[in-house]
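Note that chain A is present in both complexes that follow, paired respectively with chain B and with chain C.
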Partner chain A sequence: MTSPPLGFRETMLLGLAGLASFIGLWSFLSGSGIVPAQFLPGPLDVASRFVHLLTSPFAGATLPAHLASSFQRYAYGVLLAAAIGVPLGLLMGFFRLLDDIVTPIFDGLRFIAPIAWVPFAALWFGTGIGGPIMIIFAGAFPPCLINAYRGARFVEPRLIEAARMLGTPPSRMILEVLLPAAVPSIIAGLRVSAGLGWQSLVGAELIVAAAGVGFMMVQAQGSVQTPTVMAGMIAIGIVGMLIDILLRQGEGWLRRRRGLES
Partner chain B sequence: MALVASRKTLIGGMTVIGLVGLWFVLTTFTGLVTSARFPSPAEFWLSLKQINGRGYAGSTLASHAFHSVKLVLMGFTVAVLTGVPLGLWMGWNRRVEAFINPVFLIIRPIPPLAWIPLAILWLGLGDAAKILVIWFSAFVPSVINAFTGVRNIDKPILEAARMLGTPRWRMVREVILPASLPMIFTGLRLSLQASWTTLVAAELVGALVGVGFVLNMAQQDIYPGMILVGMVTVGVLGWATTLLLARVERRALAWNVAARD
Partner chain C sequence: MGSISFRNVDKVFGQGTGGVKALDDINLDIADKEFVAIVGPSGCGKTTCLRMVAGFEAASAGSVQVNGRPVTAPGPDRAVVFQQFALFPWKTVRENIELGLRNKNLPVGERNDLVASALKLMNLETHVDAFPHQLSGGMQQRVAIARAYVLDPEVLLMDEPFGALDAQTRVVMQEELVRLARHNPRTVLFITHAVEEAVYLADRVAIMTRRPGRIKEVLDIKAVRERENWDSHARIEDVMDLESFVHLRTHIWKSLREEKGFKDV
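Let's turn to the complex of A and B:
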């Protein structure tokens, strides 16, 4: 049998011990020279570089400016994915013919990693803002579509039958029956999309971009500035986490408002 | 039921035929889409013939593909062999969970792709850097799902095994592992997908051979036909390895009625 839950104190102590050994091992590896500090700077070096980058520019901009330019592309890409994926998913859930037409195409494209769209994205939309947006779109689109589709497809049949019996036209059926019923599933999909979109953005910026955190990291890699690379990783992690927390809050708020959870 | 299936297949088939027809019409017949933007079917075919015959970006398609598959399988295997036991251990022992979880929570938000520059700094453009980033990306889903698998085991099963005095290693081998196997395989599917995405990205950033490298060269040469060849290859390889994993899963879970459908 799994051991019984630990008390709060023990959990905290063990957690702190875990963090301390992680930081300790890291400091030891770089401080003792086992791994050259050039390739593995210590935690303090990375932290001080992070603070330094907040105000002084690297690769053309400060860290916050790089983040802002990344985030702009990211927001466009994810919003575009939601704006196309969610309605298309709902329509597919309602019109069987559309479902049968789109599903084979979708299944065929599903196995192509979003990042493999990079060459065409660069060719079609350039490496400025259009190309990266397309790659973020490629990463964020599938969960939007799939979850809206599942949400609409698995609506309680009685609700649809009742609405149909009352002579509801398709447009109202989709907006007033399927959409509200599918909202929890859609939101869950958006959260997955947001994560995958952020991941695709990082990939896109590593390969094609002239600004953004990913670009900053590639530049730093080129000039062997490991602390800057690691500061970039931390910045990406923090923003990704903030996005997830915000969406979780939004999801909770929506659930409470709809009375799904008290 | 058969009627529904055949209707689906019919419409699906017609869609595919329609798309191929549209491809011909847009590129070859009307030239609405120029070959600088998207290759015509003939150009795609020529690119495919070129890479299979003379080769492109240093070798033939088969050897690029072989190299990529090899790296994915190696990174994936290392991730599974380290991630699943760690997840099982964390699920089994709450002290281990309490010890590792905070570190995990700190590292997890960093997307696997963000490790690529660091991996290149550490290990260069060769295979080792790619295996490292694939390991990073495939490790997390393996751990999480193995962990969840153990935590979701029905208590009575564990209590019964314990009451019968099952020794520790038999407990792991004959109770915990089989009971969490369905969940572990869910993790493996996610891990495999992540492995492909990461490998393609890593090869696009810097490589000397592999499918991502073909894409990279084709992009630099502005060679749409070859770009399409590369993308189709990525899709086919991803599909084939997923199919293979599904086979293994069906065999491993043959005893599990719930997994059969």
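Let's turn to the complex of A and C:
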């Protein structure tokens, strides 16, 4: 059974109600002493630690500085994944031979979770900038490749036929037909990549890195500073959400420009 | 120059015992600058005939030739106008029309002149920078026709080009196509299931049987049209009222009705 869609106001209210119940339950659990405050500080403690960390350094830097350091690694990793994944996916969508060569290797590799790359990445690229980038790359690469590939492979056949009838050479076919046709799919893939990359990043920083929000959390864990650990988690959540919102906006703008929706 | 010939052409889709014979021993010769329409029941393989000339499908037996050379791949010497327009949604009207000329590596000046005359020919001058989704179906098909004409192809292949248009737009486009075809004759293979459209536009009409499609009969329309002076009537409905037109139309209708699976349209 499906109920009729709710208006914007109702949706907002329900969301707020959900958030309020969550915070209420959290306050109850920590305030009543069911869970010791050392392991579950109350929402107010975490919020005040969060605000405190915005200006006071912990583990060598303030929270914004840790986030900046994380974001830089993240940007390199995701950009590298897009720079290799999208063109390779498009080429695979066009040249069946390349598809047959790459797909089996790729299908094997993509089931190795980004976190499983950590030891290998640390050995090969070190714990400085290289290792974490490699791990983010491992997380962000598959959606870039798969979506570019699917976008190129499932272009409306009539458009390919029209382009061939017009005598379009392969390079132009890829750049002016497959690429633009695949753009909605590529953008959707980038959005997934951006999310997975951000998730892999923090996993990577827990192990390799000497700065960054993941590093900050590991340091706080060492000295049982639960509020700082949780403030780090909240920061990760907020930045992840912001990235997703920005990319959604971009996607919507692009679709409207294409006349895909009004 | 642009002649088309089908020689003992068979087409089977699928392989082995699961194969379906779509075309059976098609023989048809289309002369240079001749306008030939193929009509037939749905699924008779008439579009497959066109797709083989375009180079999108290969014949299972026999040969399809353009200017005496067997067709091997698609190319700009055989321009196609598709039923669903097949315009590139991310390209403007100009960019859609221009693509084929860019592929030919024509100098920019010459290219612009050709695009300008194609735009003028199809009355598209005011929509040069529009994207396809901003245009009506009729306008989109004008762009597709301009994109084909600008290539100056040896043959023009039109696959139910007006099938997706509303009745009024369809009539306007039919009249425009007659104007184009009479003033600037070229070889056209035109696929349709609309009998009146075929009689109105074509020099000859080939009637196909139901699957497996065979050519049942070829009618010479041009001889009647010239004898009865159809072109002295500017409007399609005046031509359609002429006794000679009605006679041909009825003949084709009866011939198609004998085919099981014929759908009234």
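Here, the second predicted complex is superposed on the first by the 242 of 262 C-alpha atoms of A that agree within 3 Å, B and C clash if a C-alpha of one lies under 4 Å from a C-alpha of the other, contacts with A are read in each partner's own complex, and residues count from 1 in each chain.
One rule holds in what follows: contacts are C-beta pairs under 8 Å (C-beta built on N, C-alpha and C of every residue); 3 or more make two chains touch, one makes a residue touch a chain.
None of the values given here were measured: they were computed from a predicted structure.
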Return the chain, chain B or chain C, that is in touch with more residues of chain A.
-> B
Using the superposition on chain A described above, determine whether A:E10 touches chain B (first), chain C (second), both, or neither.
-> first
Touched partner set for A:A163, first chain B, second chain C, both or neither = second
For A:T103, select first, second, both or neither according to whether it touches chain B, chain C, the two together, or no partner.
-> first
Once the structures are superposed on A, label A:P180 by its partner contacts, choosing first (chain B), second (chain C), both or neither.
-> second
Overlap of chain C and chain B interfaces on chain A (superposed complexes) | none
What does chain C use to touch chain A in their complex?
-> 54-56, 73-76, 78-80, 82, 84, 86-91, 99-100, 102-104, 131, 133-134, 147, 151
Which residues of chain B touch chain A in their complex?
-> 7-8, 11-12, 15-16, 19, 36-38, 91-95, 98-103, 106-107, 109-118, 120-122, 150-151, 155, 158-159, 162, 196-197, 200-201, 204-205, 212, 215-216, 218-219, 222, 224, 227, 230-231, 234-236, 238-239, 242
Could you pull out which chain A residues touch chain B in their complex?
-> 1-6, 10-11, 14-19, 22, 39-40, 97, 100-101, 103-105, 108-109, 111-120, 122-124, 198-199, 202-203, 206-207, 214, 217-218, 220-221, 224, 226, 229-230, 232-234, 236-238, 240-241, 244
Contact footprint of chain C on chain A as seen in their complex | 156, 158-159, 161-169, 172, 176-177, 180-181, 183, 258-259
